[in-house]
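Common to both upcoming complexes is subunit A, partnered first by subunit B, then by subunit C.
On to the complex of A and B.
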């Protein structure tokens, strides 16, 4: 955002490339800043409007800049006065442009949605200065990350994004104690990720004797394998924590249920993408690819993330927690594609590598579209019903018809079924993996079937998950009084969600609209012919499989219309439901989200390890007669339990022990100082 | 888009649409005779459909638009799949629009619609059926895709027409280990997807053991007719697909003359497969719900072995 002011003031700035891109990007930064100012200074009543419009304009301008860059108008600028010592370097190329465009569109939806969502409603109000001012800034920082062209600019934007999102996650910390805990988890994970990323990129810059990406790109291929491996491992770890990849995902299912809905959408549909951006930018573009084990590592992390994420989502009962785990899953699928692309690129199968990468990036775009819809619609539900607990929802289709349809479109995309947008990208991913079998030696031959199996099981479980989310949450009868009284959201919220849903429909029926852009981004990393071509029917380069989502949709709609007009055209008579002759059914008898997922939970018992507790209290007179039965089931995150709890416990223990060092005695502190000083002197004397 | 292909696709839709209730009739008759009953005759499913279609349409209390849409989607996806897959011709104009992945996904779309319809009734049985159906669907998916993987590895394409044509040109491939393992895995998949014994019992009357029937408990009249018809079509299409993936002889390419022959051959193949399935069911009991995942895991292992064989043994 400081870039915009420097652009305006001119100075010794050096700007080159497409003017449309540059102007739009400057407008995006300026609108973000203006939105922040509006969020700070406007009176409370119109504050959400000002900040929301600022966010939306910033997002729209960002989308224009991104699309222009993807369409072949890259832009770069060097602004020496903006940052001390290094200056800011910005480059919007096709790869960065794709991420900027996606972030921008998500920003528009979230901005429009926020206008109505942040107004006071019942007990909840998000029109405070902090939230309103930081939302546009957060979006601007996210637009800045893919535009950064030097290590210092990149890290600065990355940290701005992290801090911005942290402030937004904490928005409602006064209302709920769980927000504070989620904020703490997020802060620790994101800052640890930043430290690792800082170490990796600083080491890279030191080894390459320069910190601009152009310099890194030149030197990246020539560095020693050890340095390259260390840089990639550090960048991968740092970015994976941002992308919510298992086992670094623990902040995601905590932060998303607590953050405001439009912030969740921004984080889950735009911010996590930038983790993937970091991995592909450094791994493919700057380091120029690497040995097979890098990509096997990426692929394994992706596969683990996809499976674990969707398993947790299958059994989750909180709507936003379910969506958060689904983000883990989808980022895992994207990383499977990225890993396969790296592996195939290493093996020399360029065309297939490009296909896998295209599939990964298309899935990323699709995920952003449907996850925006789902989080925004989930936010509407939580706002209207006062709870996101699926076990207490239901019957929303009659109370909130528009939100129900929009959520249904998003869920269709997320479950990777035909007519949904996720289907096309998963199809491409599977094609890439299937075809890769014979090209790349034993490592590929062993990996690809496993990857296909993981994608397949993930797809199956995703269907079950979203049938549960939609069927239990929106259909049937309300399971609580709150859900019974839910009311449809105001127009601005519906408009923001509908915009994202329209993007889903376009992506589902005409993926060809975005495929040239994705091909441009892929070419930055893997030069070669486009992997996917064709206006209606998708034809793959080097693979003889075709698919045309549009024709499938047309055929299905025609058949449905014919059947509707011939078979079920008669008027219907109302009738009682089958209640086994026991009298009217009550909502207590309905299947809930927990009961819906119970069979799957039982099948995957070993992985999920649910804690169940059954207590039977017998009557005093006889142990055979039961007075009461209590049953409690808890499904925690096992990785969090096994991996993080011991570390946290150890850190706590260390803190307790270290407390003994400082007992308040000044003499002891002076003694510490003396010992430390002497120690340093001795070390210096020995080493020099 | 050749005229022969278009005529062939239309013939396929007609054949599946009109013939599938007869297949169900044949299967019931085989079963009845083997159990020592007279049976109601092969035309009984058609008579049932006619009766249901003439009945009044019902809207159970508290159900919404999705409940009414679900039977349409179920039947619609089955009809589209019937037009796409190589049943009588490999030159269907829609063949390039959807490959084997897309066909399985389309069938899954129908299942999902019905599961949502079941949930929409807000009865315990509807939810129970939907939940169980989703478990089977989620666990069948890996086996399907792995079998597709094994079958497409030798062809280099997942297009159904391409797979079938390549088998026609090199019939010895059917006897390869990869193909045989994939055939066994897919057989289990077909049984699970169509809700036959031992995964589900299509003729059960006890709600607690139902999977598919529990979901459709609230449907009546024309809606139920659609559901029954669609189930029969899915059975026909899956059996036909299975037959033509592993024994495609007799299928018409792009020639009109061969088409009637292909239709007859297909009818014979599916009737034989259906008869065998019904005969097998006589000797089998339904598995417990929580033993079904073991069966599906077994078929998954076979599919994985098929993929391994397709890579290492060719």
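On to the complex of A and C.
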């Protein structure tokens, strides 16, 4: 407990629970702060090393704390001297522990990766004080959010996290103007989300006459339905903007491509999770579940997000933008599971609710694993090739073999195919939704088939997306000089990525290992004896089918080995590829990301509404002879265009009009004050 | 001090206070305005002294002396110096003409009486009955601040507001502690010093102290 009381700075701190958890958590916070100090004071040459080690240690200690909490050693502390007025309340329970553990592991990978990534390389240098000092702080803030046990502590940690990530998104603002724009979008969205969340939680605390989570939990069920609904709606909106749920996702595809890779990984694999954390903590744990429409709302938002996210990812040509949209999709899938769990819990099918929630949380864990790999590998690619544009990449397999393999592992996970870790959770989610058909009322009966269809369609499109990302980006021949000259990343970057990839493999082959932990978290939200534990064996109505990812893997490996031995026994022979007698094939003839996605873009033309512009310029002498043809295609975010542009235009108009009020005349300003003052006095005189 | 004499002297001081404020609106000569402000400072000091004598509070009488020295002598002296450095001694055409200003002052006095009714009703006494006068001075000071163009006239407006607030504080409470009054007085002194420096700078930089010439500095 020494670490915890050190945190309390001599005050009368109250600490209870598992000592391992507490000590590890205190170490995590301490290492985060030490990393920040190292990032500020160390000389430029060793600064990334100091900050990276601080981040990694903080993450590792956080992971230990989380795992210990999940394993049944919850810990709580009451530190009255840390925050003025309210004091800090911390509780690491099974639910918070799961999120802390996931965040911690992502932090380790990002920290190790950052040691090499932030060193100067070509024009790209991230070893400035701000970035190096804020990265460990950002991780510490993210570890603090799931540990907060009072409204004030939670909001403080949340805001620290938001501001920290904003600073990191703006890391390269001197190099690219687009970074500044992305930063602005992110700042506005995250602060608006915070305001809504603040309103919701403050209202909740006021109605419950107390701000500790224990008090809220006690009072949550007994509040009037109107207050409960308002609190949930506000918290959902605030957290959904953090989780990147459509239509509050607009910051995500902007901020992720512009942020440094390890920051993208932290944001996309850990920070968005905390949006889901807020929703489940308040919705299930503190409010104790709610009426069906809450969960239908969550489910609908999740379904929309999953579909829209993956559709945009399918047609995206920038690697990091594609990954950002894939985050929208996966958060959508998680919310589908959460919504289904709430709906089923409301309908009384508790076992199925626990199953859906287990699937949602497992998918969240899986998403964190493969998204870390993908963002870190994408960062390596961007660093080596100088661009993330898939149309200009290609041929990286021979230049960056390790990164290619690692990205392939991540892509396998993201595409929800067997042997990838995403498959396990999506399969579980589908099973949960399919089985839910028979139970519950009309709402369930109508919603579940739609949700199943959404999940299935999403999975299919995800395959196309990641085949594109991997095939076009890494295989075939290089489409640009930069990609041709790409070099493999330094060992630390590969190690960071490989660590995350190892987590992917473990999750893919032995998901059973993490299920007890998730079951503990589910039990916090849906109390009852029926949480899913032990080996997951699902039985469909009628057909009994057991699925073990490990055995699938073993079988596949055996089949492949046998095939290789029998079919390809003949000696290899090198020959030129058939090129129809046109001469050697050039990289210009390859499939690009745009052309690969074109059929899908055609199918979903109505949703995506691409802007294409074909201009044919004929020769002056004859209109039948063409001089040049220009073709321009632009795929914007339609929701952003339709929903946000008018709002932004209105805000801009209001700002312009408001400028007229302040013309610089001191008398006018004083006059405003005078009129307001006398106006208030007149109102007082008349009404009293 | 007998009851009637106390009330009458209190009313006299308050009358002088509000009269000085109204006359500031009427006069356009900056020197006269500063003189009026000094007179108001003396009236304020007299008001505090009357309150102090009535309450047999020596500390309050001491505060009255301090108020008198600061607002009746020191601040007018500083203003006069600023005026000498600032050149032109006449207010240009104010934003609202004098006749209209006087009507507005009457309306503001009406408003002050309407607004302070609950305060008076809380504990009716000769002192609280005079509270509307102090609020009137605050409002008139604010009005001077809004409508006068010269920086010096604006400083006087600001000081009128402060005089009104001080008077209100003494009338509605049973004596302001010396420390608080000292702090407020020092603040006012500091503000005037800063404003004086600012006015001088403005004059050397732009050749005039009409605030409406400054709007180009905005962005």
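The rule we apply is simple: the second predicted complex is superposed on the first by the 653 of 688 C-alpha atoms of A that agree within 3 Å, B and C clash if a C-alpha of one lies under 4 Å from a C-alpha of the other, contacts with A are read in each partner's own complex, and residues count from 1 in each chain.
Here is the rule we go by: a contact is a pair of C-beta atoms (placed from the backbone, for glycine too) under 8 Å apart; a residue touches a chain by one contact, two chains touch by 3 or more.
The structure presented is a predicted model; accordingly, all values stated were derived computationally and were not measured.
Q: Thinking of the overlay built on chain A, is A:640 touched by subunit B (first), by subunit C (second), by both, or by neither?
A: Neither partner.
Q: On subunit A, which partner's contacts cover more residues, subunit B's or subunit C's?
A: B
Q: Scan A:81 for contacts with subunit B and subunit C and give back first, second, both or neither.
A: A:81: touches no partner chain.
Q: Touch check for A:674: first (subunit B), second (subunit C), both, or neither?
A: In the superposition, A:674 touches subunit C alone.
Q: Using the touch definition from the top, say if A:664 reaches subunit B (first), subunit C (second), both or neither.
A: second
Q: Determine, under the contact definition given at the top, whether A:684 touches first (subunit B), second (subunit C), both, or neither.
A: Only subunit C is touched by A:684; subunit B is not.
Q: Determine where on subunit A the residues touched by subunit B overlap those touched by subunit C, and list them.
A: none
Q: Would you mind writing out the residues of subunit A in touch with subunit C in their complex?
A: The contact residues of subunit A facing subunit C are 662-667, 670-671, 673-674, 677-678, 681-682, 684-685, 688.
Q: Contact residues on subunit A for subunit B in the complex?
A: Contact set of subunit A toward subunit B: 394-395, 397-398, 415-419, 423, 427, 430-431, 434-435, 437-438, 445, 449, 452-453, 455-457, 459-461, 463-464, 467-468, 470-472, 475-477, 537, 543-548, 551-552, 555-556, 559-560, 563-564, 567-568, 570-579, 585, 587, 589-591, 595-600, 602-603.
Q: Taking the touch rule as given, give the residues of subunit C at its contact with subunit A in the complex, in rising order.
A: Listed in rising order, the residues of subunit C that touch subunit A are 95, 108, 111, 114-115, 117-118, 139, 142-143, 145-147, 149, 211-212, 214-218.
Q: For the complex, give me every residue of subunit B touching subunit A.
A: Residue list for subunit B touching subunit A: 53, 56-62, 64-66, 68, 71-73, 75-77, 79-80, 83, 94, 96-99, 101-102, 105-106, 108-109, 112, 115-116, 119-128, 130-132, 134-135, 137-142, 144-146, 148-149, 152-153, 155-159, 162, 217-218, 220, 222-223, 225-226, 289-290, 293, 300, 304, 307-308, 310-312.
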